[in-house]
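Shown below is the structure under consideration.
Should a chain be cited, it is by its letter among A, B, C and D, assigned in written order, with residues numbered from 1 in that chain.
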Amino acid sequence: MSAATTADAAAASTVELAGSLAASASTTSTGEALQFWVLGTVAVLGALGTVFLRKSVHSALSLAGTMIILAVFYLANGAYFLGIVQIVVYTGAVMMLFLFVLMLVGVTAEDSLKETIKGQRWMAALCGLGFGVLLIGGLGNASIKTFSGLEEANADGNVFGLARLIFTKYVFAFELTGALLVTAAVAAMVLTHRERVERRSTQREMAEVRVRENKHLPPLPAPGVYARHNAVDIPGLLPDGTPSELTVNPTLRSRGQVRDVSAEALESLAALEQRTGEALGREEPGEPEAGPDSNPGGDPGGDPGRNSGGNAGNADPDRAKEKTK
Amino acid sequence: MNPVNYLYLAALLFTIGASGVLIRRNAIIVFMCVELMLNASNLALVAFSRLHGNLDGQIMAFFTMVVAAAEVVVGLAIIVTLFRSRHSASVDDASLMKL
Amino acid sequence: MESLIGLLVGAPLLGAAVLLCGGRRLDRAGHWLGTALAASSFVIGLLLFADMLGEETEQRAMHQHLFSWIPVNGFQADVAFQLDQLSMTFVLLITGVGTLIHLYSIGYMEHDERRRRFFGYLNLFLAAMLLLVLADNFLLLYVGWEGVGLASYLLIGFWQHKPSAATAAKKAFLVNRVGDVGLSIAIMIMFTTFGTFAFGPVFEATGETSEGKLTAIGLMLLLAACGKSAQVPLQSWLGDAMEGPTPVSALIHAATMVTAGVYLITRSGAIFNAAPDAQTVVVVVGAVTLLFGAFVGCAKDDIKKALAGSTMSQIGYMMLAAGLGPIGYAFAIMHLVTHGFFKAGLFLGAGSVMHGMNDEVDMRRYGGLRKYMPVTFVTFGLGYLAIIGFPGLSGFFSKDQIIEAAFAKGGTQGWILGSVTLLGAAITAYYMTRVMALTFFGEKRWSETGKDAVHPHESPKSMTIPMIVLAFGSVFAGGLFKWNESFVHWLEPVTQFEHGHSPLSATAVTSMTVVALVIGVGTAWLQYGRRPVPAVAPRGSLLTRAVRRDFLQDDLNHVALVKPGEYLTRGLVYVDHKLVDGVVNGTAATVGGASGRLRRVQNGFVRSYAVSMFGGAAVLVAATLLMRAV
Amino acid sequence: MSFPLLTAVAVLPAAGAVATAAVPAAQRTLAKWLALCVSLATVVLAAVVLVRFDPDGDRYQLTESHAWIADFGVRYELGVDGIGAVLVALTAVLIPFVILAGWHDADTADDEKTAETPGRRWRPTQGFFALILAVEAMVLISFLATDVFLFYIFFEAMLIPLYFLIGGFGDRAHQHGEEEASRQRSYAAVKFLLYNLAGGLIMLAAVIGLYAVTADQLGEGTFSLQAITEARANGELDMATGTERWLFLGFFFAFAIKAPLFPLHTWLPNAMGESTAPVAVLITAVVDKVGTFAMLRFCLGLFPEASEWATPVVLVLALISIIYGALLAVGQRDIKRLIAYASISHFGFIILGIFAMTSQGQGGATLYMVNHGLSTAVLMLVAGFLISRRGSRLIADYGGVQKVAPVLAGSFLVGGLATLSLPGLAPFISEFLVLVGTFSRYPVIGIIAAATIVLAALYVLVLYQRTMTGPVKAGIEGMADLRVRELAVAAPLIALLIFLGVFPKPLTDIVNPAVEHTLSDVRQHDPAPDVEAAK
């Protein structure tokens, strides 16, 4: 009973918050109409977003929005309990569950909206439109002018009314849903649980295996070797500037979430060369490249010496510093 | 305002959700679209309950939610295992039923 | 006494059964058993004959009803025998000659390891033939009719290892089958017309139906007769039938079976008398075959084929006579009997010659044999004189009667038929003299040395005795029958004889016959007796060559029936495989292909399934709305 | 209630089938003997039926009737009339010979199985004989059933064992080697199954339609043959012309496939060619008879007007089958296919007789079913013995057999002569009756049909000449003559052929009244002979 009253109180407050006046009245106020049109539009937009946004996270968020709006509509229609449940359970729990799974599967994984099955999209559009038209057309010839209202139904509280029905008329269904929920929980566990069949191999054993197979005797390279980045999803560069997939966590690799920056790394290197060249006031740019054939008679090995030593010698430190910024 | 508007809205959302199920390949999004459809029907139920002035509609919606919750749990579990086994959440990749 | 009739058939049937199922243990005594049973059947025949002579002329016909054979509502066929004078004549001829030939075969088949089976077949033949002549309804007659066909098939093809024999046997059976179709159709018409096919009722009821039906029946019966008696156009099998052992040729293809056609027509005289058109056709067929066979007889160098030709021609005589109606029936049967004697004798003689000449059949390789096989020579010679109608011998009387009857037909028909028969007589004399001269006279055209050396010798007793007996028959039978028309009166109750009024006196006809005979013999003697005969046949004129090939009969059949038939069957096999079966398999293929395409819809993509689901839902909504609207 | 004799007749082989199948793998011979004894016991029971059957009694005798699927008026109704009685006898008599002839047919398969799976879970020998007995049981039931639905069930069910008999135990002799043989086998089996299933499907539709009609007009629907015929007789049931014709066609189609009628015949040559001789006999001599029998009992009994309406077409088709089958038989190079086409020609005769609507025609047709069964059995089984010796089905591979195996050649010849219906052998009587019956109503057709006996003689004698006569071919020299077992198959059948050819009265006495009943169903009378008509 107390739970009911609190729920009622909560409901009442939410009603104020939703700004829906006389929600349970048989007639609908202009306020409700306004609310309907505004929020309805938003809900539809959210739904469309769910369908058409490419990143699944965005879809999830827009769906959550739609759900909240629906919750508001529930409240406006005098289903206080359901409204709250909608927010708490649905938007709160279920959507979060969705988000968890999203994270598990890969947040950034975005599936292209490009259709692969031939004719699927057209069929979908056709069916969708046809269905919608039919439903709306069907509703079109419904002649309902007014609500009959929920005053007497909600006379001693919406929760009380629901409870009376649930525990009298729908008690068996209720019990069944209980069984269903338990089953679902068990099912989820069974499905996701992975039985480890063999003992987890220790580090030593793995090392031995590596030695036996004679590959990667040293531990795998860490990401960010020679790197300007040190994010886990960016492979370290090998001396020749090419990225090494090995440096990235296999999970990320399998998700295809490896960000390859080798290209920009290389060109930033080239840019560096360039700038150092300019800094040293070298006449012919790109000379180091043309070096070997430009001056056959020139002192060999001069360039490297100059590059290294000279660079180190008379390089302007702060200039170089602000260059690197 | 005409109470039927709620039903119109429900129908619209339902249709959108359905098309989403048909269009999207990502299992999770498909699943969300299913949820959207369920919610649309809930809206309709709630509106009905107000139209008829008794709470049975809300009871139906209530049960729908419960069942939806159960369904979500199981469904997501399935998706996870699916992903584990084939490193992808695309429903098209699980097309072993052909021919 | 009647109860004995069944035994007539039963004895040889038993013999056949025992000999064919008995197995090797009967090999030693089998032939004697067969002969004994044939003889016993002959004895029973004689007993019945004596009994019959004791009766009044009118009460002579006997009946024996054994059991009801095929009782199906309206359709009642019995196994019942009728022994009247006509049947009795045949019974005596068949069993008598048959017994003699059994005897002969003992010697002739001595060296054949399958002799037991040969006698089994002979007995089977006797049984079938007796059934044929004793049956009291057409259906039972039909059984005998096909039975003798079977026996002749088995006996012609007795030396089955020779492909020629097997082919000849098949040919004989097939051609006979064509005739059998005629007989069966005739029976069907009888059944639908009279509701029965027993002799008595049918013959009595002839008056009650239209002439057209009777003509149809008659023609169908004639067709049957043509098949069995080798009459044009179904004569082609007889020549090849000579592939069989000589006794078979003598018994079946000279004395008895081939004359069954004449029996059939004489037996159903009542029908023919009421159907003059049918009779005319019979006469024509007879006349044509008479000349046809005679010509063929002139051209053949194979002694047996020459004799076969003569058989055809003689049966042509009988047919012609039978076609003349009551004025001819008796003479037809009379000639049939005498012919049975002398032709059987001639064949046995020929067999004995072949026996002595290592189974050489080409007369051009004979010559001067009279010194080497005197008995054969004498008996053959008597048979020869009989067949050419030498005055006083049996052939003379019977043939003379037929010629007279032919003239007696009256009108232009009479003249034509008369002259044809006379011509036939002349030609008969010609070719028989040719055979005689080539075989027994002239210088010998064979050598006792060299690779194909032959040592002609007289045949053993078991062969000569039958020849002698038959020679007696061919000498005296005719005179006996002619003796104050005894034979005619004997048959009269069955074939109601009436005297034809010949435009020529009997003496005139006789003298003409004799003249024709002399001409024939003379020319033949000049041609073959005086001049030496080349051992290899000269090419001969176009006509000769045509005649040697039976007037191209076989070539005709080949072109007209065999080849088209082959193409037809090949074509049909193709059609059946490609078209009829093709349709079936095509349907199957179509279904298979269609489902294969339909299968592609199941692409395994959840979303496309979802689309169809959603579409279905939409359709349902639409349906409900429509229901509302309506 | 009295002892259910008819049920016993059908159940005995069924039980035998189960027992045979249950024989442990080790005892092949036991299985064979068991099957043989069961089939012989069935012969005894069938004889009892024949004795207890009173030709002059009422139409269906020894009847049994129990409610089965009450909701749809389906009853378990058995009853035997004259026609059914003789066919039951035929089936019961033939099966022992089939079993005896197929004594070693399953051995090869069995040996192979033993070789590859020493455990021998699968037991070909037991299976083979069990299947044969199963077919017998089903055929018997369908001869005895007087409830359309009951009949339908077994009419269809007998396809299953036959499918396995053809496909599983087919003929291994093929000029293109083993695997070609097996391919042909499975092709033939599938073709047989699909062909007959197609027919059965259409018949099922017609059966349901019949139920609907009866339910519509009689209050509650029934499948009982007697009930329907009575209702027709006293006018309670009066189908619309169109309906009746459609239903008739539905039934007739199935039966025309089963008793191959041009152009629905093409499954038979494959099935008979590819299966071993005993199975081929089972198909053509026993199973196909169900088709013709059902035409007589159901098509004419249930749809008289429609039958009359369809008669011209059916007669023409039958005539075509007669000639067509004979011509194709002449053109065959394979002994068994030749016999198959000959059978097609003979089935043409049977159908001709049935639809001639005369007592001679239908009586002849009934006898024809029996006699054709016997004659084909002799010819086919002896041919099977021949083939088993030489290992080839091609006529060209034979020649001069009679020189080395005279008894075999002799019995083959007798079979052949029976096939060309030589007088003195049983088939002559039936064929002549059919011809007369047809002629008395349709002279032209009768004459044409009569002319085809020449073709029959042609294909039989050509077959005999090519295989048995002439010089001895290579591969024939050492050929053994019939063994005791084979003689035990051929001799009794030949004896039966001769006996029934000389004294068919026992059969005709049983058949005639039944034929009268059928004719009264279709309200037909024999045309009176002209002479009496004139009076």
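Basically, a contact is a pair of C-beta atoms (placed from the backbone, for glycine too) under 8 Å apart; a residue touches a chain by one contact, two chains touch by 3 or more.
Per UniProt, the chains are B = NADH-quinone oxidoreductase subunit K; C = NADH-quinone oxidoreductase subunit L; D = NADH-quinone oxidoreductase subunit M.
Bear in mind the structure is a predicted one, so any value in this text is a computation, not a measurement.
Most central chain by CA mean?
D
Quick one: which pair of chains has the most contacts?
The largest set of C-beta contacts joins the chains A-B.
Measuring from the mean C-alpha position of subunit B to the mean C-alpha position of subunit D, what distance in angstrom results?
Centre-to-centre distance between subunit B and subunit D: 64 Å.
Roughly how many whole angstrom separate the Cα centroids of subunit B and subunit C?
Chain centroid spacing, subunit B to subunit C, equals 97 Å.
When the centre of a chain is set as the mean of its C-alpha atoms, what distance in Å lies between subunit C and subunit D?
That gives a centre separation of 37 Å.
What whole-number Å value describes the gap between the mean CA coordinates of subunit A and subunit C?
107
At least two other chains touched by the same residue of subunit C: list those residues.
Within subunit C, residues 603, 605, 607, 611, 614 contact more than one other chain.
Quick check on subunit B: which residues sit in contact with 2+ other chains?
Expected reply: 18, 22-23, 25, 92.
Taking each residue of subunit D in turn, which ones touch at least two of the other chains?
As it turns out, subunit D has no residue touching two or more other chains.
All pairs of touching chains, please: list them by chain label.
Chain pairs that touch: A-B, A-C, B-C, C-D.
Okay, in this complex, where on subunit D does subunit C touch?
Listed in rising order, the residues of subunit D that touch subunit C are 191, 194-195, 262-263, 265-266, 324, 327-328, 330-332, 359-360, 363-364, 400, 402-403, 410, 417, 422-424, 428-429, 432-433, 435-436, 439-440, 443, 446-447, 450-451, 453-454, 457-458, 461-462, 465, 468-472, 502-505, 508-509, 511-512, 515-516, 526-532, 534.
Using the touch rule from the top, collect the residues of subunit C that touch subunit B in their complex.
Listed in rising order, the residues are 599-600, 602-607, 610-611, 614.
Which subunit A residues qualify as touching subunit C in the complex?
The contact residues of subunit A facing subunit C are 117, 120, 123-124, 126-128, 130-131, 134-135, 137-138.
How about subunit C: which of its residues touch subunit D in the complex?
Residues in contact with subunit D: 20, 67-75, 79, 139, 142-143, 145-147, 150, 153, 157, 160-161, 163, 165-167, 170, 173-174, 177-178, 180-181, 184-185, 187-189, 191-196, 205, 208-209, 213, 565, 568-570, 572-573, 576, 580-581, 583-584, 588.
Help me check something: in the complex, which residues belonging to subunit A touch subunit B?
24, 28, 30, 32-33, 36, 40, 43-44, 47-48, 50-51, 56, 59-60, 63, 66-67, 70, 73-74, 77-79, 81-82, 85-86, 89-90, 93-94, 97-98, 101-102, 104-105, 109, 111, 113, 115-117, 120-121, 123-125, 127-129, 131-132, 135-136, 139, 142, 144-150, 152-154, 158, 161-162, 165-166, 169-170, 173, 177, 180-181, 183-185, 187-189, 191-192, 194, 254-255
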